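Okay, here's the structure, questions in a sec.
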Amino acid sequence: MAGLLGAMRAVFVRELLVFWRRSTEVMTALVFFVIVTTLFPLAIGPERRELMLVAPGVLWVAALLATTLSLNHLFASDYQDGSLEQMLMSPYPLSAMVFSKIAAHWVLTGLPLALLSPLLAIQLALPMKAIGTLVGSLLLGTPTLTLIGAVPAALTLGVRGGGVLVSLLVLPLYTPVLIFGAEAVAASAGQGFASVAHLSLLGAFLALALSFAPWASSAALRVSLD
Amino acid sequence: MKLVHKYGAPKRFYELAGTVVPWLAALTTVLMVVGLYLGLFWAPRDYQQGNAYRIMFVHVPNAWMSMMAYVAMAVFAAAGYIWNMRLADILAKVTAPLGASFTLTALVTGSLWGKPMWGTYWVWDARLTSELILFFLYVGYMALQASIDDARRAAHASAILAIVGAVNVPIIHYSVYWWHTLHQPASLTLTNQPKIYITMLIPLIMMSLAFTFFYLTMLCVRARSEILWRERNTDWVRKLVGSRT
Amino acid sequence: MRGDRTLFAGLSLDLAPGEALHVRGPNGLGKTTLLRALCGLSRPMRGEIRWRGQKVSDLGEEFTAEVAYVGHLNGIQGDLTASENLRLTSQIFTRRKQQGVSAGEALERVGLRAQADRPARHLSQGQKRRLALARLLVLRRPLWVLDEPFTALDMASVASLSCLIGEHMATGGLALIVSHQAFDLPGIRDFELAHYCKARK
Amino acid sequence: MAGLLGAMRAVFVRELLVFWRRSTEVMTALVFFVIVTTLFPLAIGPERRELMLVAPGVLWVAALLATTLSLNHLFASDYQDGSLEQMLMSPYPLSAMVFSKIAAHWVLTGLPLALLSPLLAIQLALPMKAIGTLVGSLLLGTPTLTLIGAVPAALTLGVRGGGVLVSLLVLPLYTPVLIFGAEAVAASAGQGFASVAHLSLLGAFLALALSFAPWASSAALRVSLD
Amino acid sequence: MRGDRTLFAGLSLDLAPGEALHVRGPNGLGKTTLLRALCGLSRPMRGEIRWRGQKVSDLGEEFTAEVAYVGHLNGIQGDLTASENLRLTSQIFTRRKQQGVSAGEALERVGLRAQADRPARHLSQGQKRRLALARLLVLRRPLWVLDEPFTALDMASVASLSCLIGEHMATGGLALIVSHQAFDLPGIRDFELAHYCKARK
């Protein structure tokens, strides 16, 4: 059980435990997602046809904002109480530890969000046939968002105005995922065909993010703790 | 590599840049004046757009420079991070506001041009959108630089951001294009421009060169003042400032 | 170097096994900065640090695996209980052969057995500090780097911590301690950092 | 200069100074607003007609989210470094101090946001004639949002997962403001008449919030610091 | 009371003008809890606190205007400079006649003049602590409540703080000090909190 894998597992378990204790936090990304999607019908008006047009976009923007906000919790509390400093002194590569943290974070934010999305889609009058694509696109897209977002989250630790600065740095980087995610859903709400191409692009983004994000964010952590 | 280190010392660069700045500035001025004259008076009136098209001579060079500057910034930043070169850190830092202002100028002149051409200041055209996102990337980079006050930490942190951005910029660029092609085309696009006449092309090229040299001039000027500020506690700066006052 | 001020120059020190150093100096001299550089948490602008004859920057994780650092911050996750904190620490930070005492035993040693199952957030200042120090026991690393370890400790705990450091030295361990507070520890070497500092404005 | 007014002025100046030092923070609520409004066209698609339909809703939701996020900065850093604890020990009523803090916060977040909104409205193809109403509704609405938001911001200090919990608590409270704000803009984009009624309702909300929010949030602060 | 545990009962103490009390006791006994209750930061479950014969809960701001509290947290805004921190403190917290010494003078007294214009974030641990203590000089309040004021202070600063407290007592001020560290101050009264605590598990 010892060794690198044991340590990675322990980091993962630690994150889950902490999040579980802060029970509100487990739900908050989710609740934010729910609230933003419900605000829209309030602000736009209740006509079904109009709603249907904007539904893919609204769902994806809401998922993206919820992920962005939850990024603040990825490293911040460990930074403040000194745990991160300790993690730098682990005998194992930092990027492996960071990867575990990101994975746990996604399991607690992105995954529930993707699983809950069908309910909200129905609220927004999205056609039934598009719901599969919605869940699929979120399952492929949200881990990419978390991975990319870990870099700015690490960079802004201990920086004045860190919290909101993260959104500023990360949202421009998110545009490709947003475009193809929303497009995939919109396409399958229409003809239901082109969505495969979009989904495979999302998969490619995920692979790319997996290969560089843990490395880049551990480099960023070292800089922030210097 | 040795050469780089020799000329990469901030002090050497300060002196070197000091000698080239007047020449660069002179070249910029000449190109700018001639280019503007040719563009505004020599190039013919466009049969479709009238004189409004002349805004092109400012718009297009700025749009080009906005992208070139990002590449330059990312390269400088990466060099500074990997080889721990302070000069590269400085060049990356001073490139960002220049690039951002090229981007902003391209956006503003483009919008002003858009009003007579498309009847509106803004459409979500692919080029326009990716230019806007580029602007946000510059702003993010500058915000990160500004919010860390330890120079070395700021340089390293923003270098990581610039590198991650550089991986992303092509992806953003192409996804925006692809996004656009999937929709019905907007009422008017940049692509169905009339072919450019040689009389329009010459001033355009001159203006582009002018803005390139403008960038180089400003890069040297701003890097010099940044160097002075950072090295304000070293002997050579003290001596320099002392001899002036 | 901190910001653009050089803090000290010409500093050189080495430690033999079984030795401890008490680094002293007035506030703001650069003690914390020095310790962080020694642990590899920040890179010194100039100069080098060697461990068993090799440069620390080349050793990387080989070196950090030998150091235990307790800084101004306690490194405690407030939402976990005291014993969870320690147990996870031992899982995350130890290689197989370096395992120290168990979490329960370490808590016992620092007098926190009664608090083992309380969220660390609810501990008093001194109890938190003791929990941070319990990490030293769980990890069993040869080099201890302690920044003001006695902060907030009551008199009994100060004595028992000194005792712990003594035991560590007896088994060939090294310790670097920054503290303004005096403490009793036979065989510790004093080190006045002030001698190495540039004249300050 | 001493006395209650002097102290309130000093709190106000202190906030402005701190925000100014954290120069990025001044901009971040603003930039968040800009970026969120930009995300929508990317997700929904570039057609002007569709955009025009959702523009009032998008602008108002973005303003509301930007305000919500900036709430985290209202008390959090003062809480962490112990300044708030000290403020409780001021010889003047806490609610006056809190009022100054809220006012400074609005000047630095809500006000610039309202002033910038016309630019974004043009991007979203909102008709020119609705822009006056947009600015007016934001000038009346955003201070209400900040005032109301101060209460949950104070309540969630030091609470696990505070940051996102604020959004959770505050967004339901924001719905009336959102509905009437977005309606006002939509109305004046259409016939341009009904908007006056909506605007005066927004004014009434503001008056109500002014009268109870400083008091409620200072009570909340006392609870959080107990 | 903390959570659902009663910390102490039957405690009663009073202070005369010019008197200082050094509250002592092992970690986790409830010293911090006691001090916070005394300043009115939290309400005690039972019992009452009187100031010049009147109940504190009735006095409200009349009472807080007389207390200066320095707790475990320093209460310093890291983005403001040291002198801005103090100047604003004096503007926010003082009524006309209570003005103490000026910010500059207070910084001088705690030895931070050279640091006056640096962001407080950049100060070392001990320098931050001194800045927090400078508040006492700027405010001039009759009752000082200090929770571990000597944390992170070097030896010279410990002596000069004791001296400050002495002066405060000489002008009729009161002080309540929690500290594990011993310090020299003629005329201070010791108070063992442990005597008043219920048997602890």
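By written order: A, B, C, D and E. Residues from 1 in each chain.
Just so we're on the same page, a residue touches a chain if its C-beta (ideal position, glycine included) is under 8 Å from a C-beta of that chain, and two chains touch if they have at least 3 such contacts.
Only a predicted model underlies this, so the values are computations on that prediction, with no experimental measurement involved.
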Target chain E, source chain A, minimum contact steps: 2
Maximum centroid distance from chain D, chain identifier (CA atoms): C
Distance-maximising chain from chain A - centres being C-alpha averages: E
Interface ranked first by C-beta contact pairs: A-D
Distance between chain centroids, defined by C-alpha means - chain C, chain E (Å): 29
Between chain D and chain C, distance of the C-alpha-averaged centres to the nearest whole Å: 45
Gap in Å, rounded to a whole number, between the CA centres of chain C and chain A: 36
Chain A and chain D: spacing of chain centres that average the CA atoms, whole Å: 25
Contacts with two or more other chains, residues of chain B listed in rising order: 133, 136, 139, 143-144, 147, 149, 179
Residues of chain C engaged with two or more neighbouring chains: 3, 72, 79
Per-residue overlap in chain D, given as positions that touch at least 2 other chains: 21-22, 24, 27-28, 31, 35, 42, 45, 80, 160
Complex contact set, residues of chain B against chain A: 133, 136-137, 139-140, 143-144, 147-148, 152-153, 156-157, 160-161, 163-165, 167-168, 171-172, 175-176, 178-179, 182
Residues of chain D that touch chain B when the two form their complex: 22-24, 27-28, 31, 34-35, 38, 41-42, 45-48, 51, 122-123, 125
Contacting residues of chain C [partner chain A, same complex]: 39-43, 61, 64-65, 67-69, 71-80, 84, 88-89, 91-96, 98-99, 119, 135
Chain E residues touching chain C - in the complex, by the definition given at the top: 2-3, 25-29, 32, 72, 114-115, 122-127, 130, 148, 151-158, 180-181, 200-201
Chain E-facing residues of chain D, complex: 1-3, 6-7, 9-11, 13-14, 17-18, 21-22, 77-78, 80-83, 85-93, 97, 225-226
